[in-house]
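See the structures that follow.
Next come two complexes, and both contain chain A; in the first it sits with chain B, in the second with chain C.
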Partner chain A sequence: MKKINRRDFCTAALGTALVTQVSGLSAGTPLTTGKEDAPFIIDTNVSLGNWPFRTLKYAGAEKLGAKLKKHRITQAWAGHFDALFHKNIDAVNEALVNECNRFEKGFFQPFGTVNLAWPDWEETLRRCHENYKMKGVRIYPSYQTFNLTHPDFPRFLSEVTRRKMILQIVGDMDDSRNFHPIVNPRDYSLAPLVDMLQNEPNARVHLLYWNVRVSAKLLDDLMAKTRVMLDTARIESAGGVEALLEGNQNQRDRVFSFGGMEQTISEIPWSRAAKPVPADRLTFGSHAPFFPVENNLLKLFESELTLEQTRAIMEANARKLITT
Partner chain B sequence: MSSTEFLLDPRLYGLPSKEELKSFRIWDSHYHGFYATNVPIKQHNAMLHYVERMGVERIISVDIGGTLAQPLEVMDHDAAQLDILHKLHDRMLGIIPIDPGFPQESIQKMDKWIKNGPCIGIKYVGGNKLGVTCNEPQNDAIIEHARKLNAVIYIHTWIKVGGDPRRPGGANLSGESAPWHVVELAKRFPDVQFICGHAGGDWELGVRTVRNQENVLFEYSGADPHSGSVDFAVKEIGIDRLVWGGHGPSRSFSTEFSKVLDADLTHRERMKIFGENYRKLCKPIFDKKGWQLKI
Partner chain C sequence: MWIDINAYTGHWPYKELQHNTLEALLKRMDRFAVDKSVVASLNGIHYKNTQTANDSLLGEIRQHRLSKDRIIPFAVINPSYPGWELDLKKCAEAGFRGVRIYPQYHDYLPEDPACLELVKKCKELGMIVGLTIRMVDSRQRSWLDLPQVAGTAMGEWTLKNFMPLIRAVPDAPYFILNIANGLVVDAADSDLLKKENILFDTSGRSLSFMPDLISQYGAGKFAFGTHSPILDYLTGMLRIESLRSGEASEHDKERMRSGNALRFLS
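Here is the complex of A and B:
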């Protein structure tokens, strides 16, 4: 059997010219090592409280805050797991604020929730903004039993925009294949956003764990016709972030098409048929403490991003979104 | 410029450096680079960039010969796969999909690719034409033959919620095994080791199912990464029964690495999950083939 070393392996995969470039580097040495060049991170998708079906390892502001800080994260936008199921969401929002305040001041930014399926959502939104000074709200339509065609949704979107708040819309929280059997979150579509946002050009809408609900066509429309932002939490596949940034136009050598009986919706690399997503539309989102923080951090290393793209995704885009 | 090196120092972000990743001696026991309907070789070639970039020492393709949907069919790309397995032997191994609905044909494929070829094991895929799960009696001939060859046995398992009434496993495909099927099979072959793949898709139920069956190893790839999942498996099953898979390209290496990095483990323990346990599993077939292997 012919022996093959790492260099030969790389040659087989990438071609001789590239290996010549790579071999000029000492093994394992980052191309840029300076701490001063390394961006800090704003995590735009974390949750406090506890998942009702599992005791999470890093649940709660103190444990989660300490964990996030170990990973160069300096700010985290936090929802609360109780927002998915509680009817008294005013109490949930108050608890969220109190929980955020248990950690270093300003580290957790509370994103309360508003449920259009419950009466008097207007007052809940008012409290989030005026009483708690929240920068945004987070909704979970599949759990909160409404969808974006709810008759109040346009008015809700308008009111959030008028208050200059961010609206985070959660596509999913988990893989539907392993839900607890007693839970069956509703299907819903993000497609109505395309038309609705034509009427609300100043709306700041941010999609979290959005991927399973966004087809390539919808992704193209959202990028071309709206200013919707996306988090990284569920961007999957090898080099998934850079594939998203490249879109289909540069996929000549990175095919990743799938077929066969194992194919499921969560495994379809949706991004491959889409146009490039600009780097200024992505924010870092860990979905911690449900997902390991390491997951989304590593994606930014697995994908071959420029420093400018990395900085935008890690911090700059989120900072712009929250301060604009 | 395309590079296999990182732009920033991962240690600034609480992540392993490239050198540390390499020091884990990562063997990806669930490499799907060839899993593509039309262009398996092209996809595989593209995937190798990420294999190299993420410091993976060796990949074990689970799609050698045929396809997952048609595991017993001879495909145009079979010859190219064979060539790749020979040329990249020190970086790449292969296991072959079989179909328990057709035991004799599966055994013939095992002889072609394992006994007389470069492959080291078999894979039960996620469903099959005749709806035969791995616990059914006709599997015994396949397992007995695998035992003779010292072949690695990987069984795709999932516990998909669904059905009426809604229940774990109620939405499994026809012939798609669940961890309890693996346990039933493993009880009949206590001297053979089995990999329960994908942690059953539902690791909390999967761990409970296999924890008392000591000849069943547990592999986590292909499902969303849940913080605390590997901690739980280590506590209930033990560090020596866990093996690691990448499931790329449909899953990122980042997703699968993070399951292990999230766990409270020493470097040495991570080495076991990332590669050492799998190397021990395939040592007998390496010896049979006269191949060198540093555990």
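Here is the complex of A and C:
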């Protein structure tokens, strides 16, 4: 497949305005490409509400929605920061829907939450689906005090699948170096998904900010044995998306200094997979307003991707996930 | 006249609060005939850089025409955070009348040198230091909140935990707020607490037996406080209003409604 460089792509498909916008990282002016068929973006990882540990510039639906729209994002899948901390989860889910509705209709898709550590999660899930018409739910095991080994998790996964909802599992919200001294999210493993999802082949599981919790071996297994999707929010390093798609066969024995130790890339927790990750398994996720949305936009252009790969990550994969 | 010396606006991470905006607070003040409130930002308690919360509070006060002269801002300062001295200076210049500190949430001890330095600087600047014994009852705490739980080996903090600070800087002006888990201290500390530069607010559950406390400390030691919007708005008020004539004179009640607070704030 012919590769095009980011400048050609931007010029051909997105127009000069976006070239200026992306390279300048300026959202000061609304996007006007003049090309009706120019691609747009579905952001599969944003959050509404307040982050308790610092003021976020674009907190809330109105500010965040306006910001995302300036970057050609036409739909955003939104969780709520309160979902991590509150006990009354249904009130959070209702508040999320109300907050989503404060911006243009349909722009924010609410992804409520379900906490298996609390009683009656079945009713919470039912309300998310039937009352609030949510397309999916987002869980935060490290904050919500359950692991994927929770006895109810297989039933939860099955029920989400039966309802044809997407299950977003958040690996982390923040880098552990930034944690507040009194608030310590728990460690947990995503590894049980490999076996569980073989029993639920139709489950639509989407991992957000997954990188720290997924080793190269686990990533290989998730790609080979499940249909798990991944977001781009925490893919690091120059050419990170490209490296993920190409795999690192040529680098697997390269020794890096990590955590004061010499390690090969396959031993580093958030390393790239030893095997290529198919482009149809990645979705654009900004983790805005926690991360600057420009950060993830730039990833699309600083990696050398084909036009098809870029379109898939920007929009097509997410569209398929939410509509099939 | 009523002055509430312990109110907040802002967000508490672990539950949805009502009446937590400045506008909502002013409505409540109007409804319950409270003339002035000492207000700090709840947001600052969980921020590392507390100054953004102080700036937001000040911005909110300046934007709200009805808050003029009725809201007395206190800054949340974290002396373990670099640059706190500059934050304090800015706050003093901006008109903050005092500082509230949260050693447990900001991960230091009241007797840590940086905290002592902060309190000494507050004293120099004529700013009151607000010591909050607890924010929420640990029995209802979120699993992500402070690890101290009442009735366990690692119990909640009490007044005793703040005494090393008061002993080290005994002549700074202090508000001691939302007192829970008792007022029991040793005799020397009890004498220290009786000094005129320390005021207790009436919001905490350890002040349920006001007549006894007035006998022990005198009516000049207490001032109306709500700890709202985390606690209900009226308990601190009822603790004063429900005192019988034999327990507190009308003059004493008026001191607790506002007179004692004015002594510190004016």
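By definition in this document, the second predicted complex is superposed on the first by the 262 of 324 C-alpha atoms of A that agree within 3 Å, B and C clash if a C-alpha of one lies under 4 Å from a C-alpha of the other, contacts with A are read in each partner's own complex, and residues count from 1 in each chain.
As a convention for this text, contacts are C-beta pairs under 8 Å (C-beta built on N, C-alpha and C of every residue); 3 or more make two chains touch, one makes a residue touch a chain.
Note that the coordinates shown come from a computational prediction; the quantities given were computed from them, not determined experimentally.
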Check the residue A:Glu302 against both partner chains and state whether it touches chain B (first), chain C (second), both, or neither. first
According to the stated criteria, A:Asn50 is in contact with first (chain B), second (chain C), both, or neither; which is it? second
For A:Glu130, select first, second, both or neither according to whether it touches chain B, chain C, the two together, or no partner. neither
First (chain B), second (chain C), both or neither touched by A:Tyr143: second
The chain contacting more residues of chain A, comparing chain B with chain C, is B
Report for A:Asp152: first if it touches chain B alone, second if chain C alone, otherwise both or neither. neither
Could you tell me if A:Asp82 is touching chain B, chain C, both of them or neither one (first, second, both, neither)? second
Can A:Asp195 be said to touch chain B (first), chain C (second), both, or neither? neither
Just chain B (first), just chain C (second), both, or neither: which does A:Pro181 touch? both
Go through the superposed model and pick first if A:Ala95 touches only chain B, second if only chain C, both, or neither. second
Both chain B and chain C touch chain A at residues 54, 180-182, 184
Residues of chain C defined as touching chain A within the complex: 11, 13-16, 43, 46-49, 52-53, 56, 104-107, 142-147
Interfacial residue positions of chain A with respect to chain B in the complex: 1-6, 9-10, 12-14, 18, 21-22, 25, 27-33, 35, 37-38, 41, 54, 56-58, 70-72, 174-182, 184, 234-240, 253-262, 266-267, 269, 288-299, 301-302, 304-307, 310
In their shared complex, at which residues does chain B touch chain A? 1-10, 12-15, 17-19, 22, 35-39, 42-43, 45-54, 67-69, 86-91, 118, 125-127, 156, 158-161, 165-168, 170-171, 173, 201-202, 204, 222-228, 231, 248-255, 257-259, 261-262, 291
Chain C touches which residues of chain A in the complex? 50, 52-55, 82, 84-88, 91-92, 95, 143, 145, 180-185
